[in-house]
Amino acid sequence: MIAELGQLCLCTAFMLACLQASTLLLHRLWRPHALLAWARPMAVCYAMLLTGAFAALLVSYAQSDFSVMNVLLNSHRDKPLLYKIVGTWGNHEGSMLLWAWIIGAYGFALAFLRTSERALTHRALAVMGGLNAGLLAFILLTSNPFLRVWPMPAEGEDLNPLLQDIGLAFHPPTLYVGYVGFAVVFCFAIAGLMERRIDRNWARTVHPYIMLPWSALTLGIGAGSWWAYRELGWGGWWFWDPVENVSLLPWLTGTALLHANMVLARRGQLAGWVVLLAILTFSMALIGTFIVRSGLITSVHAFASDPARGVFILGYIALTTGGALALYAFRPLAQQPSSPPALASRTGLILLGNMLLVASAATVLLAILYPVFSQLLGAPEVSVGAPYFNRTFLPMSAPLLVLAALAPLLPWDRFSVAQLRARLRLLAPSLGAAALVTLAVADAQWALMLVGAAFSAWLFWGTAAALQRAMRARASQHGWAWRRQLAGIVAHAALALFAAGIAATSLLKETYEAPLIAGQDLQLGAFTLQLVKATRTTEANYEVRRATFRLREGNRTLTELTPELRYYPVRRMQTTEAALHSTPWRDLYLAIGDAPGSPEGDAPRLGVRLYVTPGQQWLWIAFILAAISGAVVTLAAFAQRLTERHA
Amino acid sequence: MRQRIRNAVCATVMLLASLPASALVLDTALADPAQEAQAQTLFHGLRCVVCEGQSLADSDATFAVQMRADIRSRLQQGDTAEAIRTDYVARYGASILMQPPLNAATALLWAMPALLVILGGVLTYRRTRHRPNERS
Amino acid sequence: MRSQNLPLIAFFCLTIGLWAAMQYQPSRAPAMATPLPPMPLQALDGETRNDAWSPDSGRVSIVNFFASWCTPCRAEHPQLKALSARKDVALHGIAWNDTAPHLTAFLEKYGNPYDSVWRDDTGKAAISVGLRGVPESYVIGRDGKIRLHIRGAISPTMLPELEALLDTLQREEIDDATAHP
């Protein structure tokens, strides 16, 4: 019954979305403004219908209603309630429904939070109706979560135990708020092209709808990496997996977009480039979805792939992005009488940074698709992994740190060589600081360490200088404008911290591995492990072996750690739950596993692996700081709008 | 008393260690350090075929453990590292190498990033020059 | 006007490329027929070993790598049963990273279509044929060479093509010199 209600909501929402999109054409024939204005209440209704549909699926999961095929395939009676609910979006159909719900919520926000640009907003909502109609058609025709199964089976199939983690509760929804959020600016770009007007007002209207998805995407990528670090047992957090790369693509172009939009809002420049980036970012999100759900690339992350779905998504992409790009090509914006920006200006530096970001995104996309295309053309299969990205992506994105330090210190208009030299002199001491740090932690890879420290120190120094300037000019800033400026500074500081974290975690990491010998403490470098307790119990849907260790460094007792080994009988799968001891300076990561028998032929033993990673927490702090700064800018934009309305 | 507790703990550890495993598994290194170093180089250069993006050195998958054991045993039997690598590539294709080889087929892959930056640089430069007939 | 057309053209090319990639089906026949290497295997009980097992020479065989924990392997079981009905083709099963009790239970529950069942506990057999996962099947001609390599489950739609290939291989004349000793 509930599933049928959900189905009904979806079908009604589909018809509503079609109606909403049709106002784009109909309003030319009949009642131009009134008809477009219907887009607002329709968006509100659409959001309510999608909420109903999503709630129906959630309830089916919570009740373990195995007559719904989606619940049958992806849930199990023994799963804790939290993971049953979280499992709603741990599969293809449920995640597409979540996607649709989030886009409905964005439409609701857009309808509810009125802007000064009424006609533009209505048109954008109508375009979004078109997007929604296509998305719902995809769901209803190829990925319906409400399909029934009869007779109803007694038990479901267990969800992959790797995915039963609190990180999974946050990771996909946050990520989707990011991906899907860029649809809003996409719709605004199309609406602006239709009205042939992309200007400062457009930029100001759109800015919170760029910052919010960007923050969410930053947080989502960080959450996914943090989850991988905790779950996968060997201390890695980014694997250049196709699905991970695919989430990086819209983040890179989205970062370019937010900076270009700042230029458009402040200076009225780069309108055409901003539109192109808006179209590009959402299409990156769509292409990414296509890549991981079509079966084109198999991945541990990927959902069960189906070529029929793949072709549908590809058609959807062709229509939406192709249509948008066609509009961009054939409907030129009204002539703007401003001269092109100078390269030697803040705008020019932002443009350079944009170029590097888009080039990196193109590199990542090429690397994802290369194995597919090379196979198509008959060349021998190759795979593209971390070594490739380390040699290409890192050198391409490192100059961004240089630009990010300089740009806030230079004027918007053309700057002179003397001004540039002054800033360079200002930042030069950071290189000395980097050299000192490298000397302190020097080891075999000191050259790379120096480079990493130099870039990071440069940006830290530049951000500090920008902060100093901002504080001096504080008197002229008030309330939200000051907070926005501060948020930008914090975001750049987060980037510097991230770069430092990458340098530290990849170059200074230590690994120790040894089997446990009965009756002896384990000596691993400067650390001593003493086994305190070992147990074996059965939990809800797994058996677990736990070992508690007391960790000492030299004479000091640091902490007690309890890593686990879990065995899930239904899936016959064993996973590692590592024990983490995190401090701001370093992480101690302890995992237990099976060691082969000793050479004397004894029975198999337990072994331990200890990772000592300096700077690991800096990465997570950087993600959070960047996301918070984005959230602050979003709030600032909305607050400004509210005050303008009441003024 | 302490010894008793220790013995009890050890016995429990023995019991725990008897389940079949596919999570963290520690390898036995080769006795000869030079050979073990060769093995480690091979492990870092070959991909784990049942994982996503991990090298043989980093993976704890059962098959990766077996592959490492196979490579170690072959090194012990006297095969050269080069011969082992060639053999694995012959069976699995060039995709088992962590780093795509540099040859005519992959030239585009390796050259593309630099080309993209150069192209981007040229386009950015042109964008900042005065163009009276283009819109901004 | 020209520079505004470039993104559209580039996108068009990308979409066509992606569509073409979707249509591509990699051929399952290896470019050059290579002999199936002799494999070190263990019998079902785990004790008996054969360090250089090969399917019987002079007969068309199918070597199927499977495991009791693998869901697609269960899905292809009906197709394997259909193939085992052919008396002229030998069907051999190699269980990869499996345990005796689970294997026995699996074969009892779903039926045993194999002429002989082996275990690959060390992974060396899998490595020797370049296995990437289960299930994978190799069709071996009477000359001992791999004529078809199927990655993934044998689907019902594949069966007619497979049966036709088996008929062709049956009719092949072979020299005594090229057959396994």
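We just call them A, B and C in the order they show up, numbering each chain from 1.
Methods note: a residue touches a chain if its C-beta (ideal position, glycine included) is under 8 Å from a C-beta of that chain, and two chains touch if they have at least 3 such contacts.
Keep in mind the model is a prediction, meaning the values are calculated, not measured.
K.L.:
Please indicate which chain is farthest from chain A, where distance is taken between mean Cα coordinates of the chains.
P.N.:
C
K.L.:
If you count the contact pairs for each chain pair, which pair has the most?
P.N.:
A-B
K.L.:
List the centre-to-centre spacing of chain A and chain B in whole Å, with centres computed as mean CA coordinates.
P.N.:
The computed centroid separation for chain A versus chain B comes out at 25 Å.
K.L.:
How many angstrom lie between the centres of chain A and chain C, each centre taken as the mean Cα position?
P.N.:
Taking the average C-alpha coordinate of chain A and of chain C, the gap between them is 39 Å.
K.L.:
Centre to centre, by mean C-alpha position, how many angstrom separate chain B and chain C?
P.N.:
26
K.L.:
Please set out, as single numbers or ranges, the residues of chain B touching at least two other chains.
P.N.:
20, 93, 134
K.L.:
Listing for chain A: what residues touch at least two other chains?
P.N.:
272, 332
K.L.:
Please name which positions on chain A make contact with chain B in the complex.
P.N.:
Per the stated touch rule, the residues are 233-234, 236, 239-242, 269-273, 299-301, 332-336, 338-343, 348, 351-352, 355-356, 358-359, 362-363, 366-367, 370-371, 374, 379-388, 392-393, 396, 513-516, 518-519, 531, 533-536, 545, 547, 565, 567, 573-576, 591-596, 599, 603-607, 609.
K.L.:
Please name which positions on chain B make contact with chain A in the complex.
P.N.:
6-7, 9-10, 12-28, 47, 51-55, 58-60, 93-101, 105-106, 109-110, 112-113, 116-117, 119-121, 123-125, 127-131, 134-136
K.L.:
Can you list the chain A residues touching chain C in their complex?
P.N.:
Answer in residue numbers: 272, 276, 279-280, 283, 287, 290, 294, 296, 307, 310-311, 314, 317-318, 321-322, 325-326, 328-329, 332, 369, 372-373, 375-376, 571-572.
K.L.:
Can you list the chain C residues touching chain B in their complex?
P.N.:
Per the touch definition, chain C meets chain B at residues 3, 97, 99, 122-124, 126-130, 132-133.
K.L.:
Spell out the residues on chain B that touch chain C in their complex, using ranges where they run on.
P.N.:
20, 49-50, 62-63, 66-67, 69-70, 88, 91-93, 134
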